[in-house]
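Heads up, the thing below is written out as structure tokens.
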Amino acid sequence: MTTIDKSGYTSSRKREHLEICCEKPVESGFSGFEDIRLVHNALPECDMNNIDRGAEFLGYELSSPLFIAAMTGGHSDTAEVNAVLAEAAEHFNIGMGVGSQRAALENPELEDSFTIVRERAPGAFLCGNLGAVQLAEKGPEWADRAVEMIDAEALCIHLNPLQEAIQPEGDHNSGGCLEAIRDLCLSSKYPVIVKETGCGISGETAKMLCDAGVSAIDTGGLGGTSWAAVEALRADSDLLARMGDDFNDWGIPTAVSLMEVADCGVPVIATGGLKSGIDIAKSVALGASLGGMALKLLKPAMKSREALFEEIELINRELTVAMYLTGSGNLAELSKVGAYITGKTAQMKNRMEMNKIWK
Amino acid sequence: MTTIDKSGYTSSRKREHLEICCEKPVESGFSGFEDIRLVHNALPECDMNNIDRGAEFLGYELSSPLFIAAMTGGHSDTAEVNAVLAEAAEHFNIGMGVGSQRAALENPELEDSFTIVRERAPGAFLCGNLGAVQLAEKGPEWADRAVEMIDAEALCIHLNPLQEAIQPEGDHNSGGCLEAIRDLCLSSKYPVIVKETGCGISGETAKMLCDAGVSAIDTGGLGGTSWAAVEALRADSDLLARMGDDFNDWGIPTAVSLMEVADCGVPVIATGGLKSGIDIAKSVALGASLGGMALKLLKPAMKSREALFEEIELINRELTVAMYLTGSGNLAELSKVGAYITGKTAQMKNRMEMNKIWK
Amino acid sequence: MTTIDKSGYTSSRKREHLEICCEKPVESGFSGFEDIRLVHNALPECDMNNIDRGAEFLGYELSSPLFIAAMTGGHSDTAEVNAVLAEAAEHFNIGMGVGSQRAALENPELEDSFTIVRERAPGAFLCGNLGAVQLAEKGPEWADRAVEMIDAEALCIHLNPLQEAIQPEGDHNSGGCLEAIRDLCLSSKYPVIVKETGCGISGETAKMLCDAGVSAIDTGGLGGTSWAAVEALRADSDLLARMGDDFNDWGIPTAVSLMEVADCGVPVIATGGLKSGIDIAKSVALGASLGGMALKLLKPAMKSREALFEEIELINRELTVAMYLTGSGNLAELSKVGAYITGKTAQMKNRMEMNKIWK
Amino acid sequence: MTTIDKSGYTSSRKREHLEICCEKPVESGFSGFEDIRLVHNALPECDMNNIDRGAEFLGYELSSPLFIAAMTGGHSDTAEVNAVLAEAAEHFNIGMGVGSQRAALENPELEDSFTIVRERAPGAFLCGNLGAVQLAEKGPEWADRAVEMIDAEALCIHLNPLQEAIQPEGDHNSGGCLEAIRDLCLSSKYPVIVKETGCGISGETAKMLCDAGVSAIDTGGLGGTSWAAVEALRADSDLLARMGDDFNDWGIPTAVSLMEVADCGVPVIATGGLKSGIDIAKSVALGASLGGMALKLLKPAMKSREALFEEIELINRELTVAMYLTGSGNLAELSKVGAYITGKTAQMKNRMEMNKIWK
């Protein structure tokens, strides 16, 4: 089973899923960060050792804009990975999202692989996770239960139409999702974040989400893990394999999505193909509050706690260096740093400028 | 013999022709679709299973904008392929064009390979096919006979000046063709579609055709089957081979042609290098009513009925997914979806914008 | 010896020079024609067999805009190649330039390799050839003698500063050349054409030449035979080899040069990297009166008369096809055909537009 | 040890450092010169043999704009290289910068490797070298001592935040540097040049430096020696290696930096990835007074005096040829020559134009 969110995983499968992502070429498309270059400041008026990476997000204070994007949970053998990720979230005081909680909502025996996250990260900013389609089906109560399950600070509602669509047995109806999100935003006591999972959010969609009352948006753009690529790799039929191949470049590159979404009125997480602390810096300079990573953190997390901690230290350090080299003492300053935008990304930026949907 | 439309084919030749197209690298140039990216809608307000792919074309209701572009007929051993294609047209309720009927008009014994199409597709939208040069030579009567032969819903008049021109024995005179098309449009009771066969239709040519009264235009643009490439492959002289090589990149990429032609006032079929259902979706978003495919369907059709049906199912499904992922419940909505236009295609788009020939 | 124009060649050397050009990779840079695409006319209102390739140039009627660019002469063993080229000029009624006549002007014994050109092409449009530096040194009398030597219709004054400059023993002073050209234009009874030899003519230089009274300009632009490459290949010192390598991309691509020069007020020959009859068509569409080729014709000319004739037939035919496919019954019509300009060439075009030197 | 400026080098290390730069792939990024093409002047109204390469810089007359960028000194076994470089500076009457003098300021026994420079170049324009961070720490007195040590005509203050930042033990605080530079400019009797070392100077930084009173700016841009690449090569930890890899493309390409800095009000040296005399010509045409080279001169200097002299002769010669081919009798004329700007560099140029920070 390769859907992000399907109940009834057997043990081996949930784990296998993680393994495919770690071992096979599941990344595709381009994120647009290749076309972004921050303006170097040769004379940064600050002390790198005092740079404040601290990020404010939805009222919470995080020590870094690095966000551990939603990945796993739902079966006992994914608990281990979730535990390691949670320990990192706690240790580094960074935000973390769990994978879709649907399985555990349907089958409470599977909750352990989620509850362990709060156990290991008692003080961290944690986000629950539920598909928009499930939300529309089951109503706000499921959302509340997902939040309660891990005592989450916020809930991520994921949009995943590509993967669902290319699977014959996927959820093919997202009608009513926007309405369900609007309802949830009205009723919920916790902030609601809406995220894509690899195809990005357009300016138009962001506007609708903001109007619906979401607290934040996660771009989940093209350029990193591609669910179409995963499907193609796992396909048991030729038809599914070709469908996956044909769609693995579908979507809005993360940097483009970010530029479209940045001014929509709510904080934005840039996720999708971020490769280094430099990409997080670029994200903040283009308007993001946080920069999320999934695959890049999954690989070391599957190895060991140490490997993951080292990776995060490197990413944080690179971010600090990039902040220093742009003369940014904190994220607010980084968000004002100039950037060179070239290539296709510059051309794609034009679409929104010509439409000027925010004005 | 490699012309699209030459009488006197021997059995082996007509068939051989199809085989070359299936086995050799006959595609060349670029279609421009590589430079087009539809704006992903992460929150499609529709149910994919209820998406209506239905296309209205010249007053006929088709179940999908996929159009089987003109390919073959004219000898008994092509009847088999035509039969399979026709069965698909009937089964999927999609439009289909037959190959040039010239041979059968000249030699009624060859009609079988065309009439089988109507036999197998009694309810389908079928287009007859005649070269503009033959039309100019023989007058509207031949056009009427072509339509009658297969009881066609419409007639495609093909323009094929590149292939004719590079062949020493080709038709080298298309003078009077426009006049002949105008006359036909005035007198005929069936709609007349004018199509290119791989070099595209410019905005200027489209305007002339519309003024002449055509009912629809088929871009037949660069980026797919290249008749110059076919000629180069089959050439028995060095000179012809080099001519083919030098001209195999000649023409207007399909996406560019489509953007030039889209506003001309009549419905447009985008053909030339479409590779998937996604390309059909892009075509519709750029203004096409239908998206035609020749080579991509010929290959499975040469294998088996099953292979062709599977291919069409895949294409239809990809189109549906692309519609879903752009939040388009039907083609009218798809036609309003935004697109990112990058690379050379964006640069080429400027020509028409600077000329603004429609305003 | 590798200069275009040096007296004292020994027999083997002049010939060797031609051989290097035929056998080694002497082409470099890009001509810009890759970035030009003519607008296909699917419905050409003309008969290809009646297309008139006829070019008017400086009052002479030529049968094709193909021009045999200046190449050789100056030693008995180059006479053969010149003879073959001349026979082609005569046979096809196209223009031809001889190589630099300096050697023969200094040493009349060498005249045979030039006079044979007129012998074999009694009715052709022939251009004498002299370096601007020699003109400045020796005065208009040498120019007159060069013209008389082959009873030329016009005289090409070549500009060759790159090759001269990178050779330690080259002519390093082109001061006074413009003045000398002005004087010649005033006094001469024959038209004076100024040509580059691989680095192109800028809009600014063209303006100065027009003001000086030249009758025509030959772009001799980047993208074909590179004298810096030739020098690098023949260099006996490392220093000269590196100099050649570093400069072999120097200059203005032919298509860019042509666009800069096209409006300067005198007819223009586009030379430098033209590869086919299509490139000649592109040249005319961009404003050239003729399209010159050196290397592309040298190779077959070194083989045989037949090979050269075939090559020219192919080029002429390709031009005719390109004219047909743009609906151009003659060169005047071709010169009004639209083109797509993409890539770096489109960017380079901006320089002149921003400067608007002609307005 | 790989920092540019760290005291306590052991003999082998300083030398080893030079060797790595000569033997390993330490260059990275792109300089932007690839995207710049000078407008060829086919009719240069000058005598190449009389071209005046003479550059005026800060009141000194140099025979060429080629500048030997700061490289070495600080240990006895680097004295040899410095001696050879100095002899070239003297012989060719070009400017030269020594490497960071910090070590010798801390430990006067190491002065010999610097003082030899003045001994061998008694008449040359020499620049002392000190890090901005050291200046801020030790005050203007150290700057004065550095100048006195080699009786320098000017002092280069280098900015090196990238290399310092990625080294755990580097100087991580450049706060106060601008203030220290301002103080030095006020008090010093010698001109103060501020230079980067591979990441470039932005227009904004240049403006601050000019306001602070610097006499000149050296871009030290991206595209040549990359200290991040050097660090990655020498890294003893994985973390440092990946940091180096991730940052080796960081910075502003030299040509872009030059265009941003050119109008800031003080003379500019273009350094970073210059590969030939043509790049020096491009630099001057884009607004630089001098063009600096480090790596390109280090390699021959490590071989022999002869190798270095030959290299400089070639560079000077190429510059002369480029001046000739743009019709520039001197650098003032070269600075007015037009250029084609293409590719990413053209896109990056927009940033400043949109910001128009000088107006």
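For clarity, chains are labelled A, B, C and D in written order, and residue numbers in each chain start from 1.
In this section, a contact is a pair of C-beta atoms (placed from the backbone, for glycine too) under 8 Å apart; a residue touches a chain by one contact, two chains touch by 3 or more.
As the structure is a computational prediction, the values presented were derived from the model and not from experiment.
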- Contacts common to subunit C and subunit D (chain labels): none
- Query: How many degrees of rotation bring the Cα atoms of subunit A onto the matching Cα atoms of subunit D, given to the nearest 5?
  - Reply: 90
- Query: Where the centre means the average of the CA atoms, what chain is farthest from subunit C?
  - Reply: A
- With chain centres taken as the means of their Cα atoms, state the distance from subunit B to subunit C in Å. 43
- Item | subunit A and subunit C, separation of their C-alpha mean positions in angstrom | 60
- subunit B residues counted as touching two or more neighbouring chains: none
- Note on the structure: Contacting chain pairs, sorted by label, are A-B, A-D, B-C, C-D
- Item | subunit B residues within the subunit A interface of the complex | 37-50, 276-278, 310, 313-314, 317-318, 321-322, 324-325, 338-343, 346
- Query: Taking the complex as given, what residues does subunit B use to touch subunit C?
  - Reply: 132, 159, 161-162, 165-166, 172-178, 196, 199-202, 204-205, 208-209, 220, 239, 242-243, 246-247, 250-252, 256, 344, 347-348, 351, 355
